[in-house]
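Each chain carries a letter (A, B, C and D) given by its place in the written order, and its residues are counted from 1.
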């Protein structure tokens, strides 16, 4: 699904956000990018999403090389992805329904079908009662769930979630992780960026530990006590 | 410092965000408002900050009754408060320095003094190297720390922090909580809204448990095993 | 086709959603176009009025006293054969005298003492429209003067040249002012739209993030821009029309004005279309160029 | 005072910070004011030109043939005592005849045959400025006509009334158009500023949240609005001035125009001040009213 080969990203020459990242994520995997604040987690997800371009190195997503294809195919690629942004990126003055429906609207899906699917996914994240509210008046956790709903409503082949439970309490976090697991079971590849150790324990998953823009190691956790598998900087899998 | 008497807040008649909240927070206390997503934590803080008005009930902050005083004194009251907003509320196109300095600028403090204090507080939150960056390009955790810096730079008598560590890793969370403890030791009253159980264990503090807009109980935690003190709905202290 | 319906729908939805912003935009477009069309109307009316003045140009041919009535009708025939001539009328010596007496009543007594009628017979020629230019009249006058029996030809040389100059001056001044107003209108409309897009750049960014193609994002904005231009033009022309009505009524009722002196007319249909087109095209292009900026985001 | 310096500083900082938005705003203000001032200039020039025409109004007093030179100088004295009279000049019978011959060369031959000079002597009166109204001239003419020895008085009744009507028409049309342009300018400027504030409402909200008073937030915006108006007026008047220079040079060099016919002048100083004031005041008021909306936030 995702191959990164010796990828570097420097926003400014002084502070490289990512250096020499090589990573291979298979279709259907459930991967955590784990690291402290400023480690480069968001940057990594943005590179996969095509929202940022690597300063060096190759990124291949779904068989497409980001360095090669035409700009105009990016939207088509994105329609197969879902992204939960760390800052949500919701339209603050549109209703929750419109926000979630937008991801389907751009594909040209029919109104009735949009309605059906949006209602379903809002039920999953526990926001059925908030359908006609605007995000502006929602609580932080509610906004985050709208962002999650939008990311999964188009049943993406790849779900990228940036700190998707940062504003959710323990109970809701559990619910959302369960939801992600279900989606994963249906075949969606999932990559979650987080700084929260607790998240890692939800199920046996691959964890890519990031620090100062470098891969510190790759673990598999969840099976009672994390055991390290591959090594730093490593070609994983 | 803060008295709330039978406070209600209904954004819409159907869903009361807060109902019958009575609360007394003394000067110098360190209080957590703890509850799940949508419990009303942010609403409670906003009421204390004067950013929302109660539908019913009395709120007295620093001896001033919010129902009574003139609108024009609100800014003066706010200068003695700091607020870490859940969504940061930073000026995305101004530098970190300008953002933090703004809280001092509005009071009319001299440029050299602003510089001294901003540099000091940015060092405390570990952002000295980001001084001339704009929040737009900062990582989520960095933005949150800018928000914290702005809230404490004017050495407020009351610090309100809404989920101040939601985007911070364990290490930074510890640092920030230590910083809050220091500020608290200097006499600042601190009220933190959070859904994160882990936060509660940092030091012996009062915890106000909120759920569905109601006070479920008040605890004191941190002294090895939380012991409940006052009761639900109760007049605390 | 279903796609198109969606876009139209979306555009209207946006107009409704950003109601205040759109109201201001339409208001600004409207007023810019109002200024433009008011200018147009005043200019066209003035030009028509000046053209009417030009229609009064005529060439007077003074005949020598020795001509017999037969000579005169021969001269008439000769002049009539010129393509420049539209209408020809004879003023006999007697008619000339009585006309002179009417025009200068103060001198009537003096003229009554005369034994001979000192005034010559003349032919008044009205010219075809295409021969009213100052140069063309000059040439024609010279040709006529060569006809035997014609003593002199007059056509208000100084006046006709002054008039031509004035018209040229007016036209170039109006052209300059018109171009300024037109450019100002286009600049204002397109930049107003640019300003409104500042407030909506989040929307564009988010649409790109959920996989909307540039085309998909653009089209509703284009339609919105066109609609803004259309609405702006509509309101501008409505206001202009009602002001025109009020104004002509006021002229009609006013005792000061003889209606025939100033009968103002409204903008002709193709000018209305032109102004509407200016609104719509600048609305479209304004959206087009402003969007470019934001569509670069990824 | 230190406060004031801070505000000015802040305003300039904002101008720089929101450079593109401010550039567009200043551009729009500039063009609006350019249209307004171009209109003003054209109107003032036209009015001056028409006033010059009015200065050519004169009253001709035809004297009876029987007057002796003494009679005539008595009449002259009498007329000179009227307050309306500015200048009086005598045209003798001989002068009248030669003038007539010059004016109508076609009839020269006819007139040479005359034994008596049929034309009367006349007095041409130039009127004081304040007595040039159509009604006032009429009254004056009637008074003069009653003087013994005066045969007739002429003053181009129809022309003077037509002119007065035209002037009235022009003034009210210009007033209407001017008011439309002025209102459009004010509307456009204030709403442009409103649109720019849409893009900056976050800033206002956040300032309130950190404890800024409304006064503290407002003042830099006001100064910014005033500066935008000032800059806009400055650019508008610069462009107008250079266009004026170009245009008058073009007229001066053009072989078509006699300079005395159209000598256009630039806007007088107090009009420049007026236009600058319109820019600054609408800039200020635009900021004032737009800010109100956002300052309500808490």
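Descriptive notes on the structure:
Just so we're on the same page, a contact is a pair of C-beta atoms (placed from the backbone, for glycine too) under 8 Å apart; a residue touches a chain by one contact, two chains touch by 3 or more.
Predicted, not measured: the structure shown is a model, and the values here were computed from it.
Within the contact network of the assembly, the step distance from chain B to chain C comes to 2. Distance between Cα centroids is largest for the pairing of chain C with B.
With centres taken as mean Cα positions, chain C sits 64 Å from chain A.
Taking each chain's centre as the average of its CA atoms, chain A and chain B sit 29 Å apart. Averaging Cα coordinates per chain places chain A and chain D 68 Å apart.
Within chain C, contacts with two or more other chains are made by no residue at all.
Multi-chain contact residues of chain B (touching two or more other chains): none found. The touch graph of these protein chains is a ring, one cycle where each chain has exactly two neighbours. Chains that are in contact with each other form these pairs: A-B, A-C, B-D, C-D.
Taken in their complex, chain B has these residues touching chain D: 50-52, 72, 74-79, 81, 83, 85, 89-94, 102-103, 106-108, 150. Contact residues on chain B toward chain A in their complex (touch as defined above): 11, 15, 35-38, 41-42, 86-87, 129, 137, 139-142, 145, 162-163, 166-172, 195-198.
Taken in their complex, chain D has these residues touching chain B: 3, 6, 17, 202-203, 205-214, 216, 298. Residues 21, 24-25, 27-28, 31-32, 34-35, 38-39, 42, 62, 65, 105-107, 109-111, 113-114, 116, 118-120, 151-152, 154, 162, 165, 168-169, 173, 176-177, 180-181, 183-184, 187-188, 191-192, 194-196, 198-199, 243, 247, 251, 256-258, 261-262 of chain C touch chain D in their complex.
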